[in-house]
Amino acid sequence: MQDAAALQGAPPTPYHEAGMDSTTPHVALEGVSRYFGGITALKDVDFQCRRGTIHAILGENGAGKSTLIKIMAGVLPPSEGRMLLDGRPVAFRSPAEARDAGIVCIFQELSLIPDLSVADNIFIDRPPRSLGLIDRRAQRRRSEELLARIDCEDVNPDTNVRDLSLSRRQMVEIAKAISKNPSVLILDEATSALTSRDVQTVYDLLGKLREDNVASLFISHRMHEVDALCDTLSVFRNGHHIETFGKGERTSGEIVRLMIGRDIEAQFPPKPAPVAGKSPALKVEALKWEDRLKGIDIEVAPGEILGLGGLDGQGHKELLLALFGVLKGVTGRIELGGRPYRPASPARAKRQPTSLALVPEDRKTEGLMLQLSIADNLLTPNYARVSTGPLIDRSRADTAIADAVTQLQIKVGDVTDKVETLSGGNQQKVVIAKWLIDDPDVILLNDPTRGIDVGTKQEIYRLMRQLADAGKAIVLYSTDYDELIGCCDRVSILYDGRVVAELDGERLTEENIVSASLNIPGGEAA
Amino acid sequence: MRDLILRNRAFAGALAMFLVLFLGYHALHPRGFSTAVFIQNANESVAIAFVAMAQTIPVLMGGLDLSVGAVMTLANCIASHLVTGSPVQMVLGMIVTLACGTAFGLMNGLIVVYGRIQPIIATLATGAIAIGLALIIRPSPGGEIDGDLNWAVTNAVFDFAETYGLADDGNAAWLQPFVNIPVPLIILLVIGFGVWIPFKRTVTGRTVYAIGSAESAAFMSGLPVRRAKIAAFTLAGFFASCGGLYLAIQTSSGNADVSQAGAYTLNSIAAVVLGGSSLLGGIGGAIGSLVGAGILRVISFYFRILSIDPLLQPLIEGLVLLVAVSLGALRTLRVKNRLELFR
Amino acid sequence: GPSVVDGPGVDPSCFAPWDASTKHFQWEAQEGPYRIAIVNGFVGNTWRIQMIKTAKAYAEDPAVKDKIAEFKVVSTGTDAPAQLGAIEDFINQGYDAIVTIAVSPDGFDRVIRLADRENVVLVPFDNVLDTDAVMQVNEDQLAMGRMWAEFALKELDAKGVSSGKILEVRGLPGNSVDRDRSIGINEVLAADDGTWEIVSVVGNWDDGTTQKVVADAIAVHGQFEAIIGQGGSNGVIQALTDAGHPWVPVAGESENGFRKAIAEHSDEGLKGISIGQSPGLVAVAMKAAISALEGNVMPQLISVPLPVATYEELEDGKNFWSDLPDNFFTVNEFPPCGVNVSGPAIMAQDETDVK
Amino acid sequence: MTPFARLSPENRPIAIAAIFVVVIVLFGTVYTLSTQGTAPMLSPGYLLQQLQIGSFLGICAAGMMVVILLGHIDLSVPWTLTAAAMMATTVGGPWAIPTGLAVGLLVGLLNGFGVAYLRIPSMIFTLGVDSVLRGLMVAHTGGFAPQTTASPLMRFLAADRIAGIPVAIFVWAGVSLVIAGILTRTGLGKAIYATGAKEGAAYLSGIRTRGVIVAAFVISALCASTAGVLLAGYSAKAYQGMGNAFLLPAIAAVVLGGTHILGGRGRYAGTLVGVILIVFLNSVLSIMQMPEAFRQIIYGVVIVGMLLVYGREGGSRT
């Protein structure tokens, strides 16, 4: 592994920022390392951040970003080194202590309580009180104010968080964070599921906070968000702090190279020319379910990648679950490989002659069994495939696992390690790989690159295209417009449980996606 | 919002079930709707209701306390030695009894938090310890609890006043609206509401719910997770010892009955479920469990007024319990997204 | 409540006072027929089931049928408040007499007070109360313990054995019956001039536990000269058989299986004595309740004679039944009381075809 | 504790429990040597006899483990065991054992149905089933005098010996092989772990999790009924309440063997060691004629103590 300076061919640019140089940084880490057993998550990191800036932290999956902010937020103690707040050493033993010092964090794995109401969640640890007891009315009123501040008037403070979509939850999480009047606000991939409208709200918010002299730390794998927003950028790789620089001092290409230690070629693999007249592998007509799907028509042919776009909560998730047999009471016509198909259960879906696979939304609860080994996870859908009678054939199982690991280049030490020891990107690969062993014909992907670094994303894009070329039909839902445009042969935009537009070729542009997503009449033509 | 209603629907359903059963019983009873029968009903329900409330708090946290019955028994045995003598001594005895039970709950909490042992197993073990201690304290049943206290506390307000010569021997005019209320009911409601409702509206209480709903999120949100866990088990110990203390006064004695302790623990879980709390945590409340305990008791009341073959009674009781808890399954049938089943 | 009066009471052959100092009660005579309830505690072992069946059968007995207007049985489990509640409920419902097996020897003060206030006759039997404020029916547990031990010593003496290990199998810990029987046993053994090492194990009165603990004890201690078991006697026999332990004198309960074994092996050395706490006690208690309601003078504590059978007295078809299951309790009748519901009659009610 | 640090989290409890078993046996030996001058605990005869009695618990625990791996629990074990034994002896003859096992099958299906299809928490559904079974057996015993004598085959399996070794131990070994085989070698076993670890994820992976749950409860009930049939054979008859002594020790054995009570983790070898630990602990306490009160306290302390020694749960705070 080259070090950063060698890579640049020049010593690292010293970090400077107009007018702020002389002040002590608000938060500073000195020589911080963090080990998990044998794993080094952070090594000898010096890091500073200042008030009144928005500071991006960039790096591949597993670079140590989350670990860094967990140390700052009191979730994890550092193994070595120390932390300074306004020049004074501090050692937080819990998130509560960090919060008392003004450091508030929105964690990657959200920290909302599903069975409590939005208002309860926003004021979870410091509710307004009267006579020592929680004042529910005041809490509700102040929640409404906060939600209004981030343009979320549509969220009722009395709703249970369980009933909110992921993007609404992220917004509630943001409301909760700002309710604490932080001096340091940390967002760890807190915008990963937000749609562009909400992202804009968050940008505005962060801008205002900057004016209020708050230090914001922003972790995201979406480069364009970082470009648009941040004053200062820090790149981490393999637990090392590689470099910190000001906005505009590096091109995106350079940043990516700093992050992954090499250049990457064009982000998306080229699309093949469309082949007409193939009979669809999956054909859906007038699919309805509850009040979420109101008559969906889509079809996708072998070799094709169909994108699903649109604002969050328009029925994408339900569509994929309905096809996979998870939902009850689905009506409409579905054909798989030309044969009628009635979804009943995932077990049935995967045993169809034209078989289905689903990479679900949340890999931690729906995709993986975190405490089981990588091997067991990979084999979960495939035991029938590697068994003779009731008994598992060990050698066949081992081959299948080895093949999957090589095919997806999953970075594993030992396949008997628990899957929770993998970084997020590699976990995601495990979810995809376990289905590839099953050799499905139609692959349903629910935002498979959420929270995945650029390098890994690119691998996944390449893999999707390879699978399509090998004759698979792919349905890809993504919140990332670039991804839809770059990857998909065609994109269907969903709005309120219906397909409102189908875009392909020339018409597959960000503008068209946005206007169709908002269901602006005629917008598609614009 | 929908979920909020659903949450209350479980409680409302429990309350409705209780009322139907309870009113039906009184309608069939030859002396239904009389003070004597209310007193009897209340007396019989206090201990199980306290133990059910005790069980609720760990359940809300997503755990189970298998020691509640044993702690009740332990408190019962302690009280049988201490609640005697002069009024001051008796009050002191009661305080010590409650303190012991609470301390035992605290110990449960400390083991769960600092030993990082799953509550169900930790309390399975500490429950055995509590029973062992109870057997040492009271190798064979007995005790000399004050007879007046027994009579005063297990009757209506009037008898209480009369026994202790309060309010003009219970004849004071201002007391008249209350004279027919059973004292055990008052004790139950005062302690139940007086402790639970405030607790629920503290950050610690809310944290108990949060832990049951999503523990790591609770921790990340800066909630006092450890403190809440310890508080939950401590409060469970307190409620369980209230049950034990009442039992001691009610029976004027202590009895380290192992099978009774086990039965109370299991019934407390059934009461919690009948009362609409989720064993997965995060949903429900102690007041629901109070109602759940009532349901459990009323079911058995029916055997006393209906003519049912005595040898079929256990079967019928089992079936009714099974059907009652299965009513919760109706919710499952309505679920349209199967992923919601897997919480 | 009852007034305390001078004895003697009615029908002393059936309602024998416990001892000379036993006081006597008399209730105001009430018009029959009566409403009688039985409040059982735990249900789920053979003894209790046999007891309930006996109660039901006795209520149908021509001698008392006309005196009973309504008869109800409930089992409340090992839950003191539930049992107290059931008793109180029946008092509230206006029942005339309540027969009960107490789940605890204490704690009935309140219901006794209520029963007295409402003139309800409360009759605990079997597991009785530590009080002299109610009329109770029981066998003398202390005497039973003594008799077991005396028998064992007599048989050992006859064999010429004067030292060795004696195994005592105890019942449910914390129960007063267990305590009294054990006191009786140990009193006699201690007073004997032989040198006995007493090994004591806890069998909970149930066959399985008893079998296990006896088997363990044999494995550890090798051989016993005699075994005195409070209950679960079938388990004692089974453990001896399985371990190939030589037959020795065994004192035990009145299970049919135990008596079968004694009858079969007494020649080989299984000198046995079988004394039982009879499920038929319930009938005596019911009869006592009715008698009290009729205004008769009743002893406060009624002693039911111990139904003893030694190996010399066993007779198939009379005090044991070789063709019936092991589990039921043989002694069920009390002829002086006119309680003639026999064990086989109870346990084979519908069984004519099964046999 | 340091030598254990290198063991995997699954194996650590097993090793520690095994060492504790040895400690118990040694302690018992020292005790008997000092009080009676003999060392029965070291004699093969005594050990075999203890294991023979332990085999009933062992078989119950094997089934219980499968259910616990799912994160569920089977509280109906006591009366499943009793009902199987009572029905087996009632029918008698060659059909005794099949009848007993059929009872287990039915109970397992019922439990599985309630938990998997109605989605009632197992803690409460199996409790209800237990009391229904108790009610059925009370009614059964009270209806007419059912036959309670074990059939000769039941006697043979539970009480006889082959080459000096109790047949019951062979039965236990057989059950152990089957369960261990299912857990490690079959898709069903893997599906049990997967479902226990995260049912939603397992379901979305195409595992029929409801079927898996039913299967696990059937296995548990079959084990309980096997134990019931054997126990009736050992006692030569069936009786009310014969299962009461097995529930908590079975759960304790599973947990002491390192199986996680919330499911997804655990090895069968651990359960085996856990059973042996409990059996020998009982033996020593019996030999010492320990009063019930102290027994209870010792059980509690041993469970808490062992779990503390096993160490804290994995790093994550979940």
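Which chain is which? They are A, B, C and D, in the order written, and residues in each are numbered from 1.
Throughout what follows, a contact is a pair of C-beta atoms (placed from the backbone, for glycine too) under 8 Å apart; a residue touches a chain by one contact, two chains touch by 3 or more.
Labels paired with UniProt names: A = Monosaccharide ABC transporter ATP-binding protein (CUT2 family); B, D = Monosaccharide ABC transporter membrane protein (CUT2 family).
Bear in mind the structure is a predicted one, so any value in this text is a computation, not a measurement.
S.K.: By that same contact rule, can you tell me which chains touch subunit B and subunit D alike?
M.R.: Where subunit B and subunit D share a partner, that partner set is A, C.
S.K.: When I count C-beta pairs in contact, which pair ends up with more: A-D or A-B?
M.R.: Pair with more contacting C-beta pairs, A-D versus A-B: A-B.
S.K.: Quick one: subunit A and subunit B, Cα centre-to-centre, how many Å?
M.R.: That gives a centre separation of 45 Å.
S.K.: Just give me the whole-number Å value for how far the CA centre of subunit C lies from that of subunit D.
M.R.: One centre to the other, that is 34 Å.
S.K.: Once you find the CA centre of subunit A and the CA centre of subunit C, what distance in Å lies between them?
M.R.: 73
S.K.: Where in subunit B do residues touch at least two different other chains?
M.R.: As it turns out, subunit B has residues touching two or more other chains at 135, 139, 216, 219, 256, 258, 311, 313-314, 338-339.
S.K.: Please output the residue numbers of subunit A that touch at least 2 other chains, ranges allowed.
M.R.: 326, 345, 366
S.K.: Which subunit C residues sit where two or more other chains touch them?
M.R.: 43-44, 49, 52-53, 173-174
S.K.: Which chains touch, pair by pair?
M.R.: Taking the chains two at a time, the touching pairs are A-B, A-D, B-C, B-D, C-D.
S.K.: Tell me, which parts of subunit D touch subunit A in their complex?
M.R.: Contacts found on subunit D: 185-188, 190-191, 193-194, 197-198, 200-208, 264-265, 314-316.
S.K.: Spell out the part of subunit D that touches subunit B in their complex, as residue ranges.
M.R.: Those in contact with subunit B are residues 75, 114, 118-121, 123-125, 127-136, 138-139, 142-143, 198-200, 203-204, 209, 248, 251-252, 255, 260-262, 291-304, 307-308, 312-313, 316-318.
S.K.: With touch defined as at the start, can you tell me which subunit B residues reach subunit D in the complex?
M.R.: It is residues 64, 111, 115-118, 120-122, 124-129, 131-136, 139, 215-216, 219, 256, 258, 266, 269-270, 273, 279-280, 311-319, 321-322, 325-326, 328-329, 332, 338-339, 341-342 of subunit B that touch subunit D.
S.K.: Tell me, which parts of subunit A touch subunit D in their complex?
M.R.: Touching subunit D: residues 36-37, 324, 326, 345-347, 349-351, 358, 360, 365-372, 376, 379-381, 383-384, 387, 390-392, 420, 434, 438 of subunit A.
S.K.: Would you mind writing out the residues of subunit D in touch with subunit C in their complex?
M.R.: 32, 36, 40, 45-46, 49-50, 53, 134, 137-138, 141-149, 159, 231, 234-237, 239-242, 245, 283, 286-287, 289, 291-293
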